[in-house]
Amino acid sequence: MLGSLWIIPLLPLIGFGLNLFLGWRKARKSLVTIAGVGSVGLATIAAYWAIIGYLEQPARVIVERYFTWISAGKITVDAAFQIDPLTVVMMAFVTFVGFLIHVYSIGYMHGESDTAYARFFAYMNLFMFSMLVLVLGSSLPLMFVGWEGVGLCSYLLIGFYFEDTYCAMSGKKAFIANRIGDVGFVLGIFATFAVFGSADFTRFLPIAAAHPQQYAGWATAIGLLLFVGATGKSAQIPLYVWLPDAMAGPTPVSALIHAATMVTAGVYMVVRCNVIYRIGPAALLVVAIVGGLTAIYAASIAVAQNDIKKVLAYSTISQLGYMFLGAGVGAFAAAIFHVVTHAFFKALLFLGAGSVIHACSGNQDMRTMGGLRKVMPTTYWTFLAATLAISGIFPFAGFFSKDEILGRTFAAGASNLHGFGWLYYILWFLGITAAFITAFYMFRLVYMTFHGEFRGTEEEKHHLHESPWTMTLPLQVLGVLSIIGGFIGIPKLMTGHASWNLIEHFLDPVVIPLGTGHAAEIAAGVSEHSAGAGIEWLLLLVSLSIAVAGILVARSFYAGEHAFEKPARFVERYPLLYKLILNKYYIDEVYDKVVIQPLYRFARFCWKAIDTIIIDGVIVNGTAFMTELTGDILRFLQTGNVRNYALSVAMGVLLLIVILW
Amino acid sequence: MNPTMIPIPSAWILYLSAVLFVIGAIGVLLRRNGISIFLALELMLNSANLAFASFAFRFAGASATAAHALNGQIFIFFIIAVAAAEAAVGLALFIAMYRRKETIDVDRFNILRW
Amino acid sequence: MVTYVFLAAAALAIVFGILAIAHRSPIINVLSLVVVFFALAAIYAVLGMDFLAAIQLIVYAGAVLVLFLFVIMLLNIRSVDRLGSGRRLQAILGALTSIAIGAAVVVAIATLTPAQGAVAPGSQGGTAFPIGRSLMTTHLLPFELVSLLLVAALVGALVLARKETR
Amino acid sequence: MWADAIVTLIKLAVVIGVLLTTVPIMVWVERRGSALIQDRLGPNRVGPWGLLQPVVDAVKLITKENLIPDGVDHFLYILAPFIALAVALSTFIVVPFGQGDGLTLFGSKIHGFIVAPDLNIGILYIFALAAFGVYSIVIAGWSSNNKYSLLGGIRSSSQMISYELAMTISVVGVLMASSSFRLDQVVMAQTGTWLGFIPKWNVFPQIIGAITFMVAAFAETNRLPFDLPEAEAELVAGYHTEYSSMKFASFFMAEYINLVTSSALIVLLFFGGWTLPGLTIPHGWAGAILSLVIFAAKVAFFLWFFVWIRWTLPRFRFDQLMALGWKVMIPLAVVNFLWVGVAMALGIL
Amino acid sequence: MHIEHLLTFVTLGPAAGALILAFIPGRLEKVQRWAALLISLAEFALSCLLWANFNPDIAGFQLQTAKVPWIPQLGISYHLGIDGISLLLVMLTTLLMPVVIIASWRSISEHVKAFHISLLMLTTAMLGAFVSLDVFLFYVFWELMLIPMYFIIGVWGGPRRIYAAVKFFIYTMVGSVLMLVGILYLAYSNHLQTHVWSFAYSDLLKAGRQLQMGHSFFTSPQMLVFAAFALAFAIKVPMFPFHTWLPDAHTEAPTGGSIILAGVLLKLGTYGFLRYNRPMFPDAWHAFVPLILVLAVIGILYGAWVALVQPDMKKLVAYSSVSHLGFVMLGLAAGTIASTEGAVLQMVNHGLSTGALFLLVGVIYERRHTRMIADYGGIARVVPVYTGLFLLVTLSSIGLPGLNGFVGEFLILAGTWRRYPVAVIFAALGLIFGAIYMLWMVQRVFWNPFTHEENKSLKDINLREVLAVAPLVIFIVWIGVHPTTFLSPMEAAVRSLLMH
């Protein structure tokens, strides 16, 4: 399969075509399922076939060029796919999680009409195609194709229930927010072309790595521009507003796109272009800061949310913040490791929430849930496993990846990376508090939905049932993965030998060593230098205790007989703060007031004032009016009196004589 | 054969034609009645004929243009013919005008106004 | 002796010219114009252009002015407005312009080199014959065109002056 | 230079004298002629056969009160008769009444029995003045402020203008034959014979021209067949109804002078002037006197002819008159003109 | 068939067709339509033959017709030739014609014969303008275009069609008259040097370059003549201040008219800049580039902003054209090979995507007879296939990678970045606004809840309309996926054009 990587993305594309056709012909659901899920399944098999093939042969990076896509003057872009360790990791979890979610959505979407069902799977397949192109793309523009492709699919899928204004609006909001990010990304691509002459990873990254000083300035600029794209796609601080609204889409969509795959594209891009960020330290710093801030900020909002999917959305933003923090401190492998583990447990959380909502017949408000533990045991247990993972409790996947990032952040602080040691300490501290809050709101969610009595309506109550096997099976698989997922990246600390940290070791080739010159040390300082063993153990204990503290506080707040008193008291004491957090710091309203309204007013001004009044009114119709006016004035010369004319003739003759003379 | 010289200096004839022209012009510009204007016009026309005659007369003397001496007179002949035609049509017009407005006071015919 | 004839005729022409445009009664105008034409015919005769004098008398004085008389009688115009009546400004302006034109022409004539005129050679036996011949030879085209024009004028006058009979 | 002046003056005096004397004679002839034709006596009281009757009339006219009706356009009223008389008299200066080249009087040559010998445009001059005749009638009609005189004036002027056209065209034939405007040349051209035996008078080859000329002449002088304008029966006295005494007399004289001029023209143009077939007129005073006598005889005959026609033919109605003028006379004249042209081109004439 | 005459057949073919149509009696409307369709299809086949015979390596004009002297005294001759750039635009024109005819199958019901004749005449005029190698001939075709377009808007247009048609006519006429002065001055200066009257493109090219550059605008002939040409083309493009005729012309023109107007007529402006202003007046061009850049960027942003608040779909698409052509002008102004090729490709892309958009707007206009966005809502449920197509074309118009819009904009911006990065940043904002106004329109028309009852009876897009939009969609995807087929022919031409 190695020789023809193009088959992998092609299969979902075929699935998309088939589903469109089936939708048009209004075919039965079973046909659509075969086409939709089948194609993704085949793609997964093809992907793993390729991975196995890749792992057997020694070569680091294999690039397959098919045809020159765009070539004009100095700008040439080939349609080429490449496979290297990073692609392998990404492809692995994207296809696997994607397939599980496809299986899950068979059950979840069963209630829809045939055409809608077909349309849903068509979009999902198109999404898989775009994601695979993004991951496999061997140059920035090709990656951009996938980048915008996934943006389009998220637009289509979020706006799936297009009847509802809110869904359609949030679909549009998602696409536009992505689009703003993408513009930054595209500018980055142009800069790469301008500076390096080509945007193929196998070409411009080695050039940059070869002479870091020369490209330092430009690298920072490119890094920042690309990062703007990343913030758009991975919902970081300025452009995260679309993710919470994206929950309007069906839950499998949220699981697949807004938890596992698309949102991680930003991190993938940063890791892919790690050379750029390493030789342009300022960019790396910005990534770290934005990551850290987003983590703490999103976590703070998640605490007060009552909608189950909104809580998970903000938790995703917060976890993404972690990943960027990891990348920001140079721990690219750790970032990817967290991406993988996060994919597992966040997908599980979403799917679990999906089955809960499915059970509560579409109701998403946690306040009307409760006591589902008894009714939906499998969902509960898998959900609990994922929650433990995300909170960072020891054996679960989350602990290892999050701790790795926090450890590296602390190490960066210690080694005074780029002279900003104090900043990294702050970031580490933010990380720790975010971890505490994460543990708190996750268990808040668990207690509110699964523990206590059912607070919903009566007819909802007896409608409660466990989801069918198509939905619970993926939950169980993901449950297992979120438990054992952590072990692929066990730190050297615990096992004594670095090689066991599979992911670290595996991703080394991606981090190309930099050339000579001072930049080299910076890089070296980050990856090798780690504090003494003692400090690392201390860090491990601190993060573990923080997580446990978070859980206990959540229990005291929401579990047991006098649940809900403490939060109520908290609300009375700080009503303003609560209202602020509940309404997401009014960010949406601020954006609306500051950006969108003035834009409309200015646009209307442009149209009404400039176009119709100034250009049309004054200049175009103005000249017409002037000609008419002069016509009027000249009219008075025609007196109609013959003798006047005779007189003027005579005067003309006189004048003529005088002149000629 | 040398042309017989006539002792009238040609300039005087031109002066006469100029004076007649002025009189005609004044007549045309100042009169209100169509026919009077027309009469003055004929006078102006004749002053022009006179000017032609004076130049024909003047150059008849010079040998160079002797051959064309007659042209002046023929030209006047044609002018008279045309003037006759013009008078006929003009007067017919005045009659038609009179029939319409019971007057041929030129100022009354100003429909061509804006 | 010839110059005296010319001077007399000139004086006659000027006096009756003024009378032709100034007098209130149109008949007097026409008659004074006849006298002016008579004077001009005399001048032509004096300048040796006897055929022209005859034509002037026959065509102009004899036919055109009779036509004028006819029209005046037909329209029964007893008397006409005084010279320059109505639109005072325009009258004054008109007079000034005409006099100015006249002055300009006179000045132009003054610059001409004075020259003695003469009777056209070969017209001893009267200018009728040479003019007749050239009309039929060199100036045949204008002659035919004028005849055409006259026919047109004839028909035109007829149509215009006819009383609407429908 | 003075001699010429005196000679022309003498000629002028002679001519005017002759004309003025012929007028009373003609009046007498007219009256007696009409009486003869109407088989009645005519004036015979005053002087032998009424010869003095015209003198007495003249005295009556002159002594009548010079009445000027009011409302009349004063100046024009007086002017009209003078124009008529002036025009009538001044036409005669180009009429040669005898063959007189080479005669000398008081030592200086008199250039023929013609008042203005070197006026080359001859006939044209006559037509020009004929045109002026119209003015007198028109002004008379207009100024006498009377409906009938106005109508009479307009009618007679339109009649004269129409027939003037016919007359001019018919004369052109003659001019082509004699290739000159001067009447004496015309007479010279009529000597000799045409086609062997016929005297070369223009009347024979251009008979049509002659007839149209004579009819036109009648119309020009407002003689009977065409005297509609002052026809007593309808328009009282036409344009000179308001005129009395001297003014009426001058109109009357002008009419008769025109009569004489017309008959002189007829004789000169068509009947060979003072030449008789076969008779060559000797030079010198004897020949002159002979030519004069012949010319006078011919003119007298035609004068009688006018009177004769007047009292025989009935009067034309005005529309018939105009129709005859435009639709018959002018075409005939053009035909004659054509015929002469063709004949000359073929060398017949 | 003789290669030399191929271009003449291509250019004058439609005119001959129009002649044939003239003989067919007017009442046989069916026959008129089919005849026109067949002629335009034959036209397209001919142009494919042209493409086949086109040799991409030669830079200069090829397939030239024999130079037939037309007005020998002035050196004006009938001389056609084609190079990479004009080949693409000719193909676009011949592709759009059948689409227009099929699109206006139902909507044009009266004066059918006149409509098709003016369409065919319009085709000849446009093709002529693209391929004429004699500047005077170019001017004749340029003016000839106005008349049929005037009739198409004036006769078959909407309520305010007279105003729009007259405005369109006078607006373009003012510009082109100045151009005529420019042409004459060029010919005159050429005459001064070579003492020979000639209007051939090559001669005037040399003459243009020799025009001196004074120190200020008014004292340098090259600047003045450049300005004369530039104004005519700027009005046609339309660039920012001269664009007010476009929305009126588009809203009032019938569907077919709008497709042709947007598809091809606008390209003549940019083609003019590329063929005449760029090579003929190099120094003036460099002096004017900053101004063009500023106007282009303003055009992009201004077009997008105004499109944002348009209540009428056609006006929105019209203003989007202003924005898209702003990109093309940006590409031309930048002057690098990549940006110029991107600009030419974007001309074709704009023709396809905006043509398709107008076609689709026409489709629902035919059913609901209203273009107001407010009158629609949630019609995706009723017309799914139409929604799919509309969405695809919208995505191509806002430049989704994988479709044609992206390739063009990417090349333009990448090419311009090297010379004017700041301009690119502002222009990139245009991309955002592009997405905003298009998707907002799509949302209000297709997604929102189903409010208007009349929409319930909307029938989905029928076979004829799909047939009309199919070729466009095929090319949209083809250029998106494999643009080299279209980039390679113009490579040599653009390279040689930018060389001097």
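When the chains are written out, they are named A, B, C, D and E in that same order, and each has its own residue count from 1.
Just so we're on the same page, contacts are C-beta pairs under 8 Å (C-beta built on N, C-alpha and C of every residue); 3 or more make two chains touch, one makes a residue touch a chain.
Source: prediction; values computed, not measured.
Asks: Treat touching chains as neighbours and tell me the shortest step distance from subunit A to subunit B.
Replies: The distance in steps between these two chains is 1.
Asks: Can you name the chains that touch subunit B as well as subunit E?
Replies: Both-contact set = A.
Asks: How many links in the shortest chain of touching chains run from subunit C to subunit E?
Replies: 2
Asks: What is the chain whose Cα centroid lies farthest from the Cα centroid of subunit D?
Replies: A
Asks: Per-chain Cα mean versus the mean over all protein Cα atoms: which chain has them closest together?
Replies: E
Asks: Most C-beta contact pairs, which chains?
Replies: After counting contacts between each pair of chains, the winner is B-C.
Asks: Using C-alpha centres only, name the chain that sits farthest from subunit B.
Replies: Centroid comparison gives A as the farthest chain from subunit B.
Asks: Starting from the mean Cα coordinates of subunit A and subunit E, work out the distance between those two points in Å.
Replies: Taking the mean C-alpha position of each chain, the two centres sit 39 Å apart.
Asks: Counting only Cα atoms for the centres, state how far subunit A is from subunit C in Å.
Replies: 106
Asks: Please compute the C-alpha centroid of subunit A, do the same for subunit D, then give the distance between them in whole Å.
Replies: 130
Asks: Roughly how many whole angstrom separate the Cα centroids of subunit D and subunit E?
Replies: From the centre of subunit D to the centre of subunit E is 94 Å.
Asks: Multi-chain contacts in subunit A: which residues touch at least two other chains?
Replies: In subunit A, 641, 643, 646-647, 650 touch at least two other chains.
Asks: Which residues of subunit B are in contact with two or more other chains?
Replies: 25, 29, 32, 107
Asks: Hey, which chains are touching each other here?
Replies: By the stated definition, chains touch in these pairs: A-B, A-C, A-E, B-C, C-D.
Asks: Which residues of subunit A touch subunit E in their complex?
Replies: Contact set of subunit A toward subunit E: 20, 23-24, 67-75, 115, 141, 144-145, 147-149, 152, 155, 159, 162-165, 167-169, 171-172, 175-176, 179-180, 182-183, 186-187, 189-191, 193-194, 599-600, 602-604, 606-607, 610-611, 615-616, 620.
Asks: With touch defined as at the start, can you tell me which subunit B residues reach subunit A in the complex?
Replies: 25, 28-29, 32, 106-107, 109-114
Asks: Report the residues of subunit E in contact with subunit A in the complex, numbered from low to high.
Replies: Against subunit A, the touching part of subunit E is residues 167, 171, 241, 243-244, 247, 302, 305-306, 308-310, 336-338, 341-342, 378, 380-381, 384-385, 388, 395, 400-402, 406-407, 410-411, 413-415, 417-418, 421, 424-425, 428-429, 431-432, 435-436, 439-440, 443, 446-450, 481-484, 487, 491.
Asks: Residue numbers of subunit D touching subunit C in their complex, please.
Replies: Residues 1, 73, 75-76, 79, 119-121, 124-125, 127-132, 134-135, 138-139, 142-143, 150, 153-154, 157, 161, 180-181.
Asks: In the complex formed with subunit B, which residues of subunit A make contact?
Replies: 635-636, 638-643, 646-647, 650
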